[in-house]
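What follows is chain A paired twice: with chain B in the first complex and chain C in the second.
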Partner chain A sequence: MTASSAPATTMPRAATAERTRARRPRRNWGNLSLVSPFLVFYVLFLVGPLVYDVVLSFFNTSLVKGGLGSFAGFGNYTELFRDHQFWSAMWHTILFTLVSTPPLVILPLFFAIVVNRIKRGQWFFRLAFFLPYILPSAAIALVWLFIYEPGYGLIAGFFNLIGVGDPGWLSDPNVALYSIVIVTVWWTIGFNFVLYLAGLQDINPDLYEAAGLDGASQWQQTWRITIPMLGRTTTLVTVLQVIASLKIFDQIYLILQGGPNYSSRPAIEWIYDTAFTSQRVGYASAASFILFIVILIVSFIWLALVRRQESGV
Partner chain B sequence: MAVSASRPRTAGRRDRGSTRRRQRASLFTRATTGVVIALALLWLFPIAWALDTSVKSENDTIIVPATWAISHFTFSAYSGVFSASDLGRWYLNSAIVSIVVTVLTVITASMAGYALSRRQFRFKGLVYAAILAGIMIPPQALIVPLFREFQSVHLINTYWALILPQVPAPIAVFIFKKFFDGVPITLEQAAEVDGANWWVSYRRIALPLARPAIAAVSIFTFVWTWNNFLWPFLAATSQTMMTIPAGLGTVTDGVGIINALQMAEAVLGSLPLVFVFLLAQRQIVEGVAGTGLK
Partner chain C sequence: MAHNDVRVGPNRFGPGRTLLSRRGFLAGTAAIGAGLVTAACGGTYNVGSGLTGSSGGDNNSTLVYWNLLTGGDGTHMVAMEDAFRQAHPQVDLQSTILAWGAPYYTKLSLAIRSGSPPDVAIMHLSRIHQYGPPGMLTPISEDLLAAHGMEPKDFTPLAFSKAHYNGQLLCIPLDTHPFVQYYNTKVCKKAGLLDSSGALPPIKSADAMLDALRKLKKVGATPVVCDTINDPATPWRLFYTLYSQAGGQVLADNGKDVVLNQTLAMKVLTFIHQLASEGLMNATVDPGGGTAIFQAGDAGLYWEGEWNVTVFQGANVPFSMQPYPALFGQAAAQADSHTFILPKRTTADPEKTSLALTMIRTLLGQSLTWAEGGHIPAWLPIRDSEAYKKLKPQSNYQEVASYAAYDPPAWYSGSGSDMENYLGEPLGDLMLGGMSPQATYSQMLGSLHTLSKEPVPV
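Up next is the complex of A and B:
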């Protein structure tokens, strides 16, 4: 009840008076029916599955049998907490996030600042950096599998040329995850790059003019004006990147199949294997819920950071 | 909305005092520009390499060390893809799924965004809060219950399963709401004085104004849906129901030398998106810039 009246009270009274008069006779189901088509999809395929996931996590549900199966209580969760394979998969996801986020936040920032200053041919940079982002992960995987090939691959050829051996891009368990980070940086940098370019448009050019008149060098202007003024964009890019990285699956599954020897298997692939290979739907649902909670916590932390940033300015 | 659409082009970012700065800029600017140009070229390498390999003969693809030289130019890998896989069918599936999802998303999200921006109704605050919270629900973490849901109604391996779960995108509602918040309300007021009802206000007045938001949401929804791998990979259990990404994934494990074939496959699988990108490059960039994603 209180929630429904809140938006009306926050609007300036004078401005809304006329609107409400025109609308009041029709304050009926019509307005709700504008929202309901979306809500149907939202409930059936987003919130519904989430609730269903929680329910399943308390049962020993099997993929091949109908119904929920026997009640498990917190059995799935207690088993999960002792499951090394699950936690190592969670660790791979977190490690991937920790390693992939810094380059995907800093590199596009650098690219955008430099490209924004170039007068002609900006389309070329947008093409080069953004084009990979719109390609399907499966195509990316095919291309990079071939590039990393230890014998006739493009990178092996280059490494041989400069006299360095192949580090085992995809075969060494200590290297494989970083090879995927390289692929991911190449593939997804364009989105962050475009976000930064957009952020740069909002910086008042007078600031640079004033700084230029005061004798600030290009480097100082970048460091003292551009980067601080992009603070909000940087926060947004970081949030979106962390959340995207926590959902890592495609590249690792398609290029490494989680290998070598499960050394790179991320959380979502563990969930996939558990549900669809081991057929333990209930157990996999419990793991899904834990991953969901982790992503939610990260989202809230960043949301709080954004709030503070905005109220601080 | 005209403002947000044209902003990236008209913004006076090209500093008025540029001549002064330029004189001082020199080394720092030139060095960084050089580095970024080099990296931009490097960024194109994998794509160029895939294109290069795709028109080689298979024997040329296993030369050590790798070479860009093409001793025998041939399109045989491309024709090979069509005979070795159901690529034509996957194109059709991807097109059907992406287009239907995009249309349904734009319709439902624009209606909801409009209502949340303009209308009063019961539980409005609650509905908006729920939708905002939905942005944080990662669909990838819901594959298991979602699969179970479709399994229980025997719709796995149908278009229903491929399309329906991809429609609810709370972020799209958010984008539309933000957009309508920025549009002056006077036109609708005038229409409502003339007796227009909620549907007419939405369909005849608000929607035509929302073209930039529709363009942005459409393009992103199309690209994301076309590229979605995990869900179609699970929901399509037969070759004939697969989308391009799910299908390409199944051909990675082949026998014999199929490097050129796989590169041709990657190129063909990417082609429609490259096309969309080249056509809509400006809308994509402005979409990110002007729709409140910031």
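Up next is the complex of A and C:
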């Protein structure tokens, strides 16, 4: 999972389109047949597994035994609610989201505004910010393991030089998760940056000209025109970011395996460990369903906010 | 995206110049779909057989072999496979290397469950308690073994007896790979630890170990390196080595009972804590960092499995190896064995089984190559050979094969298992100086109780 992909349904324009279509009474079956190849895959690979997951969550299904296993009723769910390992993993996911979202919304905005002002060689900055994003998570993990490595790492020497000592990037349970936040910001900032840059280029230059004639300073133009005009982009970026952060897995699994002492293990890794190492697929299905509900609730809240914002415009 | 819609209208190619008609597109899609289904039903390892549980129709002269061996081990295994290919040119040996640990065992489970397993695969001996009970492995009779030139007396007795579950032989051991002590001869000499022959005499107690490490610290070396980061298995190996030396048991009754002894465990945990608090151990490294420090000649001792021997030989660091010293009484060291298994197939295929056993026998005959990677051969004709005895420092610790401490049998234990992870994580924190021995013990005990009470999925 890269930290910035999201289902198309959360996008504001799609929502508007849906509403317009709902007002039209006549159905267009031709359109339906056009999307049917997609629908087949959607049912086969999304709806199907989802239903299967819910079914599995009521059974003691094992990875290594055929069939569903014995019926568990709500047993998996009650066990889950008492399982502090699971809830601490959920907390790590939420903490990661809370800590990683603000910098991933604010920093790209700042950089986009700055880069948008550069007239010559802008391509270089666009490329520089976006480049890490195209790297696979495995490459990112290797690069940052080398950077964080105590003693031999790239930045360990620097910290020792200024005399504060290495903060235990990967070994201190209170630091490890934040190390991953830094990795993620560096890795995925490019995606949000590009969204902002596109938003900036959508703003009508006449507005700045008019403001300039009225004597608005650069700072006022940024604050009164750029930021408000980017409102919808900011909402979009935030929604995508929250969802992407809730799905955190790759970087933590590859760099820390959820350690030290499980201090960084996110919900998805707990689910993976339970299903594929403990082989308790039924139990893990119950957990993934709960995570799915959490992500769904968050998405709905954001969707409601977006709709309110759109009707306000 | 709301703000960067692609602004290309439907008429981009002009009204008369659509690239593809709708009908043409649909027909094409249908053709591709049909092709995929056909392909899926035709291949050896396919979606179709995964869904129906039938095994694909294989050609009898192909042999599919899965293993999790990378690095030096991987290179040696490839050389051994090539020896087999040369001896049996009519057999198409298809070898697949997968990532070590849980990812490997997940794929293996799913392949067996879906009815399309490899014909032969590597498995850690400690894992047969997960795969044996649900009947995922083909038992190997002594007759079958003998028919392919192998007899029980040809194998290390301990490994061979541990290869049984419920009286049936489920795997054929290739080696024993214990936790050992590497030492830098130059650094240890400087600290005055070596005897006149230039070897490190066995350290006989925890106090003697502390003394030795303090001497190493005095000469400016990192006394001992043992990694914890991204590697819960190594802290577990250290703990289980020392705890077994003290005579402790962790589990009983195939994992249903937890018998972790508080007095013995605390003795070991306090010792590890002292290593951390006195600054005698560098544990803030991942496996790569650990080997790098020892390789650079900065460390006196390095505690890990013997499989890094080729790394250090390649780096020309002056070093030697020995059994992990008995610090808490009896000689013991955490260990496991790579073994060959025959995954259970939906329909037995005696010819394929025979082919697989022929391959196993050929590879066992190549054990000397395997031993270069550090592992103690389980195949006694090689282990007792002069050539192996001359292989140094690999043969220094061959005695460990007779007192190796395998992970306690349970469905949740073994190499790369939940138990190793759940216990290794707090142990790692202890080694980093974070947790107290008491807190580590409590967390370990709590995790063991949780694991032992989980519904058994096998």
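What to note about this one:
The criterion applied here is as follows: the second predicted complex is superposed on the first by the 280 of 313 C-alpha atoms of A that agree within 3 Å, B and C clash if a C-alpha of one lies under 4 Å from a C-alpha of the other, contacts with A are read in each partner's own complex, and residues count from 1 in each chain.
Please note the rule applied: a contact is a pair of C-beta atoms (placed from the backbone, for glycine too) under 8 Å apart; a residue touches a chain by one contact, two chains touch by 3 or more.
As the structure is a prediction and not an experimental result, all values here were calculated from the model.
With both structures placed on the common chain, the touch criterion links A:P173 to chain C but leaves chain B unconnected. Within the superposed three-chain model, A:L195 lies in touch with chain B and with chain C [touch as defined at top].
Of the two partner chains, chain C is the only one that A:G259 touches; chain B does not reach it. Of the two partner chains, chain B is the only one that A:F41 touches; chain C does not reach it. In the superposition on chain A, A:G66 contacts both chain B and chain C. Which of chain B and chain C touches more residues of chain A: that partner is B. In the superposition on chain A, contact of A:P102 is made with neither chain B nor chain C.
Touch criterion not met for A:G231: it reaches neither chain B nor chain C. Looking at the shared chain after the overlay, A:N116 reaches chain B, while chain C stays out of its contact range.
By the touch criterion defined above, A:S278 reaches chain C but does not reach chain B.
Chain A residues 34, 37, 66, 145, 151-152, 195, 198-199, 202, 232-233, 236, 276, 281 lie at the interface with chain B in one structure and with chain C in the other.
Put simply, chain B touches chain A in their complex at residues 7-8, 11-17, 20-21, 24-25, 28-29, 32-33, 35-36, 39-41, 43-47, 49-50, 53, 61-67, 104, 107-109, 111-112, 114-116, 119-131, 134, 136-149, 152, 164-165, 167-168, 170, 173, 185, 189, 192-193, 197-199, 202, 223, 226-227, 229-230, 234, 244-249, 252, 259, 262-263, 265-267, 269-270, 273-274, 276-277, 281, 284-285, 288-290, 293-294.
Chain C meets chain A in the complex at residues 1-5, 22, 26, 29, 53, 102-103, 105-106, 109-110, 112-113, 130-131, 134, 136, 228-232, 282-286, 288-289, 292-293, 412, 416-418, 421, 425-426, 428-429, 432, 434-435, 443, 450, 454-455, 457-458. Those residues of chain A whose C-beta lies close enough to touch chain C in the complex are 11-13, 34, 37, 60, 62-66, 69, 85, 145, 149-152, 168, 170-173, 195, 198-199, 202, 232-233, 236, 255-257, 259-262, 273, 276-281. Residues of chain A that touch chain B in their complex: 2-8, 18-20, 22-23, 26-27, 30-32, 34-35, 37-39, 41-42, 44-50, 52-53, 56, 61, 66, 110-111, 114-119, 123-132, 134-147, 151-154, 156-157, 160-161, 186, 191, 194-195, 197-203, 205, 208-209, 212-213, 217-219, 221, 232-233, 236, 243, 246-247, 249-250, 254, 268, 271-272, 275-276, 281, 284-285, 288-289, 291-292, 295-296, 299.
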